[in-house]
Amino acid sequence: MSSLLTVARMLSHGGSRAERTRARLMAAGAMLATWFLLGAANVLALRGRLNEWLGPASDPGTRRGTALALGLLILPVAAFLHQVSRLASADRERRLCALRLAGATPAQVRLLGGLETTRSALIGTVAGAASYVLLQSAARSLLLDPGSPADVAVPPLLCAAAMAIVIVTAAVSGLLSGRQVVATPLGVTLRTARRRPRRYVRWLGLPAGLIVIVVLSGAGVLPLTRPITTVLAGAMLLTIGLLLSPSSLVRLSARVAGGRARSAETLLAARALQADPRPWGRTLSVVGLAVTIGSVAGWEQAEILATRRATEPFWLSSFILVDLALLVGIAVAGSALFVHHAEYLLENGPMLATLQAAGTPETALRRVLTRQALIAATPVCTLAALLGVLPLGASAAVRPNVWYLWPLPHALLMAGLGVAAAILAATCSRRRLHRSVSPVRLRTE
Amino acid sequence: MNTLEARQVEKAFGRTHALRGLSAKIEPGEIVAITGPSGSGKSTLLHCLSGIMRPETGEVHYAGERIDTLDEAARTKLRREHFGIVFQFGRLVPELTAVENVALPLLFDGHGREEATTVARAWLEEAGAADVADARPAELSGGQLQRVAVARALITSPKVIFADEPTGALDSVAGERVLSLLLGAARVNSATVVIVTHDNRVAAYADREIVLRDGVTAGEVMA
Amino acid sequence: MSIGHILLGLLTERPKHGYELKREHDERLPGAKPLAYGQVYATLQRLQRDGKVAISGTAQESGPERTVYEITGEGTADVHRWLAEIEQPAPFISSPLFARVVLALVAEGSADGYLLRQRSAHLERMRELTARKSSAGASVGELLAADYALHHLDADLRWMETARQRIDELTREIRA
């Protein structure tokens, strides 16, 4: 074991630039996850009524929900980390194969993979916990009057549990990620083709949609007796079905866009998406979830604004906090797309450099990235917003109040934010693109 | 006329001097081989001549114009409109079919998709790769890949064709077919061809050879 | 390899007369040194003495009457025995190229100039052969012959490049 640790240390010194970036991004992701988990634990540990401006965390009745919401923010972080773990995977596989050829057993190779991710996770969680405790005590001394009876510190046990969850998850995913390579020690070039999503997964969405409708109508929100709601229910089924398999939605969108592409940029973007829609699907399902939740939240806001005239700080700060959380979720998912761009550019550098050498302007290649974002994100975000707005629309139509118009622009805003995040990720990848198409990448040896 | 000329060109990568004051002149319609041992600066010279790279000192002229001082956008335009470029491994876009790959330069030039595809099919036919027009690069053999890459370089009817080890990854017979395709098309359009190669049998297809050694010419051998 | 074996090989198709054998030799092995008629005649007589060919008659086309030879059973066996053997990989270097490089070093202290001139001559010959290969209507024999010559010239060129680098290295070592 100790000799393995030595090897791990040697490897971490000799890693490529992309691999060092991966380690750093992983630590950053672990830090985010720690923050959110600690936040959730912290909310659960609060006792008594607190300042109303703390929103849902101020009231004991809404604390569980708040903690759950904070916990849910782990989802975009997971999408981000998954994308990060794919970064420079070619480098990593090459290295693991070399280790196998040098005499490492499959178990040792897997262990090394686990050590690598554990190391990053350890750094991330420790940094995360330390910064959280620091920030929290600072905030406590600023926000709470010293005489308050409320105890807002995170209990050490919960804190340790949150950190352990992150580290163990990282270790397990690291152990699992070496599977392919262990199977084929000589197989760097034999990288197994990416598995297509299984057919039945695509249709899982339909029964899921049905269940949602039944639950909603059971709760009295959605009267199924009216014909319009039946139509809506059908639309919703389809929407949910597609949203649960966003990869196929992305592929479909890419196929349509590729088929009618009039420009080289759109064609390149669409075909790249069609060939590998899964990273987009994974990430966009998280973005889509945030957009749907945001759109539903629009109704909640309308309801409260219409009935209570909504100037109470509790509700105002609740609205703001929910939207903020959604924004954070979308932003984290967006950075997962940024990481995916990095991987795409790493893999396709020589090909893009060749296009550029043949006289394709770099601005055109930039447009390829932005169009990928548009083609993939637009349908997913639109459907997600519709899914959030439509079901409740029918019941709202009967209540004439100007506030019930609010969910529409709100949903539109959410969808727009989702697409904007994807485009922003593409824009941020420009410098990387510039580096990937430099003539240096034309060298073959 | 479209003479291509390098004057006292120098280019270094960190401490490696790839080109040290190299001069060479290539007349319109000439077929020239750039040969020399590996690491002698052949590829770097090709990159400088084709405006992919800018030398640190010295000048590169094309058609009476100095091109090494042009900005990236102007050189990109020059490459797209006047030059065709072929590299060792084809370097096609993996997600596009062969015919779409060939059509790309026209699409980037703003031509309609229908028109671009039709012209691309004609070029694939010319290149003897019509049967794989709808296959993706991963399904093609090395020779087929290279013929598709040549068709892509030729589709804009370039005045100068640059090829860096175009047959490096092929066996002799497949290599011969790629070369005859490239040179045949060039002769028809009276295009200039610059081939970088370390294979003497490929060099024998050229009218003239420029031998490089350590970043300078060892001697130019006239036909 | 001997002329005897080549003539026997050509006779396996059908009986032929001496002039026909000379013509076919030159056609089928293009690029090989052409045979003198006297050589063909002498070889046939030797083969006849050894019982490998026999006279099968005479033929007259548009010139003098010519003796037609056919291959015997023993001759056929001899051809196949020969084809079953391999050619001895060249045991001695008899290339004048090699001698010139060494003597250029001895007499002039450097072979660089010679190597460059020789490279240019070799490449010029390779260009001719390549052009002939690319010309329309080249026969299979001509293609094979051109390939054979091209590969050998290429081997010479590669050896010359290695020699240049080797000499460079040695000179640098001596100076250092």
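Going by the order they are written in, the chains are A, B and C; count residues from 1 in each one.
Criterion: contacts are C-beta pairs under 8 Å (C-beta built on N, C-alpha and C of every residue); 3 or more make two chains touch, one makes a residue touch a chain.
Please read all numbers here as calculations on a predicted model, not as lab measurements.
Student: Tell me which has more C-beta contacts between its two chains, A-B or B-C.
Tutor: A-B
Student: Average the C-alpha coordinates of each chain, average all protein C-alpha coordinates together, and give the chain whose average is closest to the overall one.
Tutor: Checking distances from each chain centre to the full centroid gives B.
Student: Starting from the mean Cα coordinates of chain A and chain C, work out the distance between those two points in Å.
Tutor: Here the centre of chain C sits 72 Å away from the centre of chain A.
Student: How many angstrom between the C-alpha centroids of chain B and chain A?
Tutor: 43
Student: Measuring from the mean C-alpha position of chain B to the mean C-alpha position of chain C, what distance in angstrom results?
Tutor: 37
Student: Scan chain B for residues touching two or more other chains and write them down.
Tutor: Nothing qualifies.
Student: Can you check the complex and tell me which residues of chain C touch chain B?
Tutor: The contact residues of chain C facing chain B are 116, 119-120, 122-124, 126-127, 129-130, 134, 147, 150-151, 153-154, 157-158, 161, 165.
Student: Please give the residue numbers of chain B that touch chain A in the complex, ascending.
Tutor: By the definition above, chain B touches chain A via 38, 43, 47, 50, 52-53, 72-73, 76-81, 83-85, 87-89, 91-96, 100, 104-105, 107-108, 110, 112-113, 152-153, 164-165, 168.
Student: Would you pull the chain B residues touching chain C in the complex into a rising list?
Tutor: Checking each residue of chain B against chain C gives 37, 172, 180, 199-201, 203-207, 209, 211, 218-219, 221, 223.
Student: For chain A, which residues count as touching chain B in their complex?
Tutor: The contact residues of chain A facing chain B are 261-265, 267-268, 271-272, 274-275, 348, 350-351, 354-362, 364, 439, 442-445.
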